[in-house]
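A, B, C, D, E and F label the chains in the order they appear, each numbered from 1.
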Amino acid sequence: MKITVSRKAHFNAAHRLYRKDWTMEKNQEVFGKCNNPNFHGHNYDLTVSVTGEVDQETGYVIDTKVLSDLIKLHIEEAFDHKNLNEDVPEFFDLNPTAEHIAFVIWNKLRKVIALDKELEIKLYETPRNFVTYKGN
Amino acid sequence: MKITVSRKAHFNAAHRLYRKDWTMEKNQEVFGKCNNPNFHGHNYDLTVSVTGEVDQETGYVIDTKVLSDLIKLHIEEAFDHKNLNEDVPEFFDLNPTAEHIAFVIWNKLRKVIALDKELEIKLYETPRNFVTYKGN
Amino acid sequence: MKITVSRKAHFNAAHRLYRKDWTMEKNQEVFGKCNNPNFHGHNYDLTVSVTGEVDQETGYVIDTKVLSDLIKLHIEEAFDHKNLNEDVPEFFDLNPTAEHIAFVIWNKLRKVIALDKELEIKLYETPRNFVTYKGN
Amino acid sequence: MKITVSRKAHFNAAHRLYRKDWTMEKNQEVFGKCNNPNFHGHNYDLTVSVTGEVDQETGYVIDTKVLSDLIKLHIEEAFDHKNLNEDVPEFFDLNPTAEHIAFVIWNKLRKVIALDKELEIKLYETPRNFVTYKGN
Amino acid sequence: MKITVSRKAHFNAAHRLYRKDWTMEKNQEVFGKCNNPNFHGHNYDLTVSVTGEVDQETGYVIDTKVLSDLIKLHIEEAFDHKNLNEDVPEFFDLNPTAEHIAFVIWNKLRKVIALDKELEIKLYETPRNFVTYKGN
Amino acid sequence: MKITVSRKAHFNAAHRLYRKDWTMEKNQEVFGKCNNPNFHGHNYDLTVSVTGEVDQETGYVIDTKVLSDLIKLHIEEAFDHKNLNEDVPEFFDLNPTAEHIAFVIWNKLRKVIALDKELEIKLYETPRNFVTYKGN
């Protein structure tokens, strides 16, 4: 009996879309107003979903308290009230598009969630734009 | 042409997470504040999704009025304003974790929805915690 | 320059609407399914609003971190994962209708928020039912 | 590295569920109050999801600005503030159930989104009823 | 002790903004795409708020079950799945702007809610546009 | 007959809470993680409410299309995808707390909305923190 358990979390961050190896003109052409050199920001809404067998003893796939603490420790503490480009090492050389942020979050959590469980990340950059990543 | 039709519903219930066959100490260690012997409660938000071929005549996979009535009859009348542990027979010997509640709902609805249609249950225990079950 | 600062919070609790001094029949007639002797429950959503002058130094009416901590200490720790009728002294002799819960929350917070600030409580019992109390 | 990028959009429209080739009685029996000859209406909420490889250069699967413009041009301009039965050619001979509207939207967008990307349409007819179509 | 009790409700309807006594050109100039002669539609979200003294006996300002039934009988049955211009007598000679719909709802409910209670109507025409009317 | 018409809007921005005339230590003590020198950011959700007499001719207090265009021109174009501290002149010498941002928005819109109408600004900095300003 396989079930998916999901937990929502939240962080606020500044970012800027650009590539150091492109000219200012090319960055502006591709990333438009998201390329503001002074940064802009978002309230990122995150849903982490873990799929696996229900433990016969506890009736849990994963204790949502445990899942919530893992998200707090590995994601919220690393990203909340930060400038993704300037403060978060994973984005020093990786353009912080929603796609790349989801990819980084997935990889950070993949290391701390048992490998017999599937992992999916849904990340809302705004209430109208979001991305989903399952690791392949 | 296969489409998924989803309907949201809602019930309010009390519950307590514990196992009769465990000591109070073990229940407390595993289930923490969810093990309050006087119960706590939730507004459960339920989404029932039915996937199947669109009927050529009606343009429906399933009439949402019919689906809504099935949920009302089999789930809301059984669970709403109830104590899951004390009032709902399915949980007399099954710990009412969100995982198990979704499993029970899926099994109740599976009996009344045509077998050529797939069935998925999404159950929000709180606005930040939810589970999804597709029957395998 | 007067501004209102609002902070949302959340607690899950069981409750039952009834009066000890009424017969079972009268409780049932007035409170219907909310009178289930085994209790039912809700995810209560709370918005606390504080109105006052903006501090010239900080640009705050009240630091939302401070407001959030006050709500956590005085409301969430007292009510979350509790049975309001059985575990919370304020309701041992007060029927926990949404109106009365809002009244109790307002009185608890009124004691810890400076009196030159107005206080308003909005309490959602379900996503469709809520009450608002301003203290008079 | 495959990721899904989703964009929400919105249109308001009138419609009526009925088939020209059925009697008024049969239409009434099958479609009930949705068959009001004077029409009724909805705020349709649409989520368009595009799944594909992340472009190594831009870090995008698809620029959400581009996706948003495609939805505006092909769906919102065609459907918003319209009577689906009377104003939108695709429904002159197709009953505008949510299932059929999702099917029409999917087919319109499939023509303008690169074929190496998967496409999924989620359409809310009301906050409690929605359908999902992936094209097969 | 005065408290406000609010209840949310919902209806779907078609409408058209225009005045019979204006030319088509003037209607088009003032009401733009809302003047589509074939109508368009909305999911209207309604919040009805009743303010009054808490009854010492019941702990209620008004039983939300009673309030919900009044809204169902007087508003939802009259407006849901209707064409406001064609099916609802109050709008035969009154342009169904959100302002006027709120005014009509307030007047219908004012007759059935005790006059020692204040009444407020909040009506969402779309998730981004809404009006509020308190009766003066 | 006075009615309130409200319109929701949205902008994404970076900001930092600090005062140039304070030491780094004092800024850190008062503003904590909101004082990150590299900035953080938010999706700001804005509701603008205009209260006035309903125009007998049009049935409008204010055309929401007009209100939406005013918000777009004066607020969204000035604030969206900007760094409030670095890019928006109003905050060069004013700490961009939610209170101050609401105050600036109110003053910008007050100049372009007829003075016989009351104006209220509600600004969500996060889904759980918001402020309300009515101009006095």
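Keep in mind that, in the parts below, a residue touches a chain if its C-beta (ideal position, glycine included) is under 8 Å from a C-beta of that chain, and two chains touch if they have at least 3 such contacts.
The structure presented is a predicted model; accordingly, all values stated were derived computationally and were not measured.
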Shortest path length from subunit A to subunit C (each step joins two touching chains): 2
Each chain counted as touching subunit C and subunit D at once: B, E
Chain located farthest away, centre of subunit E as origin (C-alpha): A
Centroid-based (C-alpha) most distant chain relative to subunit C: D
Angle (degrees, nearest 5) of the CA superposition of subunit B onto subunit C: 180
Numbering shared by both copies at the subunit E-subunit D contact, with half separating same from different: same
Identified repeat of the C-E interface (over half of residue pairs identical), from B-C, D-E or C-F: C-F
Between subunit F and subunit B, distance of the C-alpha-averaged centres to the nearest whole Å: 41
Inter-centroid spacing, subunit D versus subunit A (mean Cα positions, whole Å): 29
Two or more partner chains touched - positions in subunit E: 127
Inter-chain touch pairs (all): A-B, A-D, A-F, B-C, B-D, C-E, C-F, D-E, E-F
Of subunit F, residues touching subunit E in the complex: 1-9, 49, 54, 58-61, 64-65
Touching residues on subunit E, where the partner in the complex is subunit F: 17, 30, 32, 94-95, 97-100, 102-103, 127-133, 136
Contact footprint of subunit B on subunit C as seen in their complex: 10, 12-15, 33-34, 36, 38-43, 45, 80-83, 86-87, 126-127
